[in-house]
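Across the two complexes that follow, chain A remains constant while its partner is chain B and subsequently chain C.
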Partner chain A sequence: MTLRYLGWRLLQVVPTAAAILLIGFLLIHAAPGDPVLALAGQSGDAEYYAFVRDKFGLDEPLPVQLATYVGQVAQADLGTSYLQGRPVAEIIAERIPATLLLSVTALILSSVGGVALGAFAATRPHGLRDVTATGATLAVYAAPVFWLGQLAILVLAAGLGWFPVQGMTSPRSDATGMAAALDVAHHLALPALVLASQEIAAVFRLTRVGLLGELASDHVRTARAKGLAEWRVLVGHALRRPLIPVVTVIGGRAGHLLSGAIVTEIVFGWPGLGRLLLSSLQSRDTPVVLGIFLVVALFVVVANVGTDLAYRWLDPRVHYR
Partner chain B sequence: MTEPGPTIVPGTGEVVSSGLEGMLGVPRQQVVRRLLRRPAGLAGAALTTLFVLTGVLGPALVPHDPAAVVGPSLSSPSLAYPMGTDALGRDLFSAVVVGARTSLVVAGLVGVLVLTIGMVVGTLSSWWGGWADDALMRLTELFQVLPRFFLAVVVGAIFGSTLPLLVLVLGLTSWPLLARVVRAEVLILKQREFVDAARVAGASGPRLVVREILPNALPAVSAFLGLVLAQVLLIEASLGFIGLGDPDIVSWGYLASQAQRFLRVAWWMSVFPGLAIGLTVLGLNLLSDAISDVLGSSR
Partner chain C sequence: MRAADGRAPALSIRNLSVRYDTVHGPVHAVDDVSLDVWPGETVGLVGESGCGKTATALAALGLLPRPAGRVTAGRVLVGGRDLLTLGRRELQKVRGAEVAMIFQDPMSALHPAQSILAQVTEAVRVHAVDLSASAARERAVALLDLVGVPDARTRARSYPHEWSGGMRQRAMIAMAVAHRPRVLIADEPTTALDVTVQAQVLELLRRLQDEHELAIVLISHDLGVIAEMADRVAVMYAGRVVESATASALFACPRHPYTAGLLASLPRLDREGGAPRGHSRLTSESGRPAVRLPLPPRCALGQDREGCMADVPRLRPTGGAGHQAACHHAEELGAGPGHRLVEADLRR
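This part shows the complex of A and B:
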């Protein structure tokens, strides 16, 4: 991968990011009433509104306002939550670790699980295990994520009592160190599984189809003829090529994963961006809602570029124009 | 299998094909027949038909007004209330049936928007080529990376959550896949002999596209439209679940959000609305997959 390509691809992020900022700007100005409300919330006093109006240059002509807005966002200033009296960026930053923990765990579970399930199904095409795995992933893929969460709570948490129903830590727990980490892991298990199950189907399908083609190919036959054990044929030879497109699917679904994480958090009371979004919606704290949109949208753009680069690195034959 | 080459349907002079390479020559009825012979195609068609019928006829068939208090609160499913009642004693079965119309309206209107924009962008892109193609495809990529769910959340938070606004946001952001499919289809189809034949016969560019190319791209487009609408329904349900549905309309996502507080005591409030969403989305996915399969396997 040449440096020139890297630079060119990163440069492509600029118009996309600009478009996202423009959308944020337009939303603020298209909002009913004074644009200051969308930046400073519904319940500020006159003095505070004057401060925000001045800071975002709301009395200037529109192009100047746009430049000011972009400048503020570039400095990670997403406005102020009047409700909490603190910068939106600060409030969002506090919630990111919890959302990241949930999303990354789900991402790992779904990648490993999806590939394993795909291999499991493809080694006996159209057999019982293939049909079962395909059917199960189709069903899970069609189910809304909040419903899977509710069912999981009904059966595994409230019903069988294997997992806690809500939250990230046990209330009134004074555990520290390893015990505290285990407590979080226990709370994490169910929401992460629910979120992962949504993503698993996409990985599964791609792995299965790729592997079906690969298992019939010459180099796999050669590997078998050498007398390699079947699992070594699978892992060392057959799985390599199908894994490349799987990477793009995982990266391309970043937005999907995050919206799923938001909803999952709300079902399980997980204290991340989802809970923040819900409480901000209920208290009409528009600056926070808008801030979450900007952060997520920009993150998705970066994730997409990262995926493209990873794809190209893994498969040097790929050329983008 | 029929022989390769375009088939002219007697009477209409219409050339039948799908774009997924090689369906030229298979009349449309035969596509439908092959579709329904597959278990997945049959199940998908059945579920989708059930959804559409419920959406159209539902409100006329339900035993109760979904907003009326008709029984004891939180009573479990029984003969009188097949899906139980909610916290106020409203009949859940009626609400689930009436909720189908909300999903159907959203899917239908978003479908029209997505088809229109996707067709226009995809056709112009492939027909013009060159820098116009590049520009339109960049625009498509831009819309493709926009996180639709979050955009809909912001718009709902700022302008209030109403059904028309929801349809507009989801429609204006869900077309990129369709535009790509249409573009790919037109690129293949415009090199076909029957298009040349029509051109030689004196058909103008727009006429070629509208009369000859787009009808033949429809089967492939419909396969992807089904997948897009399934995703749209899931997003709509999630928005309803986090409280951004239209407050004046019963929707499945809203019903499931009502269940959240009563999970431990009233499982039915979660199970039935969720099942309705899941089966509808499953139906659309199965149908779309089966269409792609039928088109692909005749290659």
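This part shows the complex of A and C:
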């Protein structure tokens, strides 16, 4: 039953991917500018332009180009980058780990931090800690990422020197093993925190409101009457249902793990997929852009299926057919 | 009344006062309430909604909703200790082990997303930490068996919404008696159940009581249930106990106009419409009971008795055998037509 559901959901990937490719392809070609100019420069040498056009099949009619591309993708070939001359799949694969490291860290920070903060606030509603936590998360949430990121760089990195300003590793570092990992973690801290700040408020508010209701509920009173310690009442009974909307938010974000960090990556010079997307768009490297679209779309679908499965784990009464 | 055998009460509530802070200002939900329950005895706590029955019970176990509810005075003695002075951890050791509680609506009182088995098992393990998970599950199944859940082993894996109300209340009772508590506080345990199921649940409580000398505080506004179950009854009005007596004395000869009014309010099949002669029904009153006020606004005797307003009657012995009433005219009432309302009329 669950397996059938899973198979059916994964089958939905096909039309989704097709739609993404079609829309992406048309959008890129509808955009102003000629890729040949981006590729061959502004030399004005018509012969060289023709050579480039022919080399990448850009002289074909649009439907033919589309058909060729879709045919490639159907054979699991994302094509070759105009700019780098390397397989797109290889280029994307190189960038995914950095983006995932940043996004997953941020997601963990925001979910664990948001839930913990929500519990912290809800156990003393309208008290000092509640008001402080509510105000602080709201303020951070209201600030745009690029501003918050630059502020963090200015104050914490450039000003106080606690964190590196840019990048994922120290330049000219030959550290290996643990030292290298710590170096990456040091670079990771600021961008991850800034990225997490966008989600932490949502998770916090959902947890807080849900917990306020649950902590006053009859079944939590029963749990207390059983003699359970307060933290077990909280974790085992009260938190369970508020976590469902939290999972929705986190699951929704999980789909954006690959694509949600673009601004953060640019601000912090993080060598991930987001920066690759931006540079590919600027250089009109169509195969790379389309490849990123496709990979991101597939990831969203898989993350959504994962979210649905998480519901079932949290509330076993949920059945999927 | 089984007080005479010289044992200490299983639960002794002394001069308990509870205050709720509401948006309309403080409400004295419980005002100087004292109550003793001896082992093997059932004490009924009756009164209308909002009179402080449940607040009394919740306060005894430190379960008042926070931060609105607060105990302002009194003691709750169980096994020689005052529960109100216990630290958090000590109180947790008492809850579910020495004093257990069941609630009105077993659907909302159970966690909706955990199996019955998981919830009963948890109740077993909380005070038996050395027990292995599987042994605790076995014990949980045995408990469900004990409270009369048919085919407990299989059905325990279900979730609360898959069980009937009566079965859910049995599961609550199974959790409550898991550690053979001295005291069971049953807050309207049958209100949410239909009449036949209600009788079965009451029968189960009586059986468990007989098996291990369980002291039961039975909170109800259903006088039929109280008449059937209680050895003694305390009637609460506006946060105070206004009359306390053995069940038979109270039903035969109420000595407080509120009690008399409650009894007269019962719908009767053998008399056509309205109150029995000599009594008037309680006049309805909107909102919460007037707190810290004596009965007069609603007193059947009271229109011309200004004395109650000037000198609020306190609970005092009247008529012997531990009968107490908070009324200046208890004796007149006792001699009045109240005795015609015999207990038998209340039984179903």
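Note that in this section the second predicted complex is superposed on the first by the 235 of 321 C-alpha atoms of A that agree within 3 Å, B and C clash if a C-alpha of one lies under 4 Å from a C-alpha of the other, contacts with A are read in each partner's own complex, and residues count from 1 in each chain.
One rule holds in what follows: a contact is a pair of C-beta atoms (placed from the backbone, for glycine too) under 8 Å apart; a residue touches a chain by one contact, two chains touch by 3 or more.
Since we're looking at a predicted model, the values are computed, not measured.
Novice: Does chain B (first) or chain C (second) touch A:Leu314, or do both, or does neither?
Specialist: In the superposed model, A:Leu314 contacts chain C only, not chain B.
Novice: Could you look at A:Gly236 and tell me whether it touches chain B, chain C, both or neither (first, second, both, neither)?
Specialist: Only chain C; A:Gly236 stays clear of chain B.
Novice: With both complexes overlaid on chain A, does A:Val296 touch chain B (first), chain C (second), both or neither?
Specialist: First partner only, chain B.
Novice: Please indicate which partner A:Trp147 is in contact with in the superposed arrangement: first for chain B, second for chain C, both, or neither.
Specialist: In the superposition, A:Trp147 touches chain B alone.
Novice: Would you tell me the residues on chain A in contact with chain B in one complex that are also in contact with chain C in the other?
Specialist: Touching chain B and chain C on chain A: no residues.
Novice: Within the complex, which stretch of chain C touches chain A?
Specialist: Where chain C meets chain A, its residues are 58, 61, 63, 65, 67, 88-89, 92-97, 100-101, 103, 105, 108-115, 122-123, 126-127, 159, 161, 172, 175.
Novice: Flag every residue of chain A that touches chain C in the complex, lowest number first.
Specialist: Per the touch definition, chain A meets chain C at residues 125, 216-219, 221-230, 232, 236-237, 240-241, 314-317.
Novice: Please give the residue numbers of chain A that touch chain B in the complex, ascending.
Specialist: Touching chain B: residues 15-16, 19-20, 23, 27, 30-32, 38, 138-139, 141-147, 150-151, 153-154, 158, 255, 258-259, 262-263, 266-267, 277-278, 280-282, 284, 286, 289-290, 292-293, 296-297, 300-301, 304 of chain A.
Novice: Spell out the residues on chain B that touch chain A in their complex, using ranges where they run on.
Specialist: 138, 141-142, 145-151, 153-159, 230, 234-235, 237-238, 241-244, 253, 256-257, 259-260, 263-264, 267, 270-271, 273-274, 277-279, 281-282, 285-286
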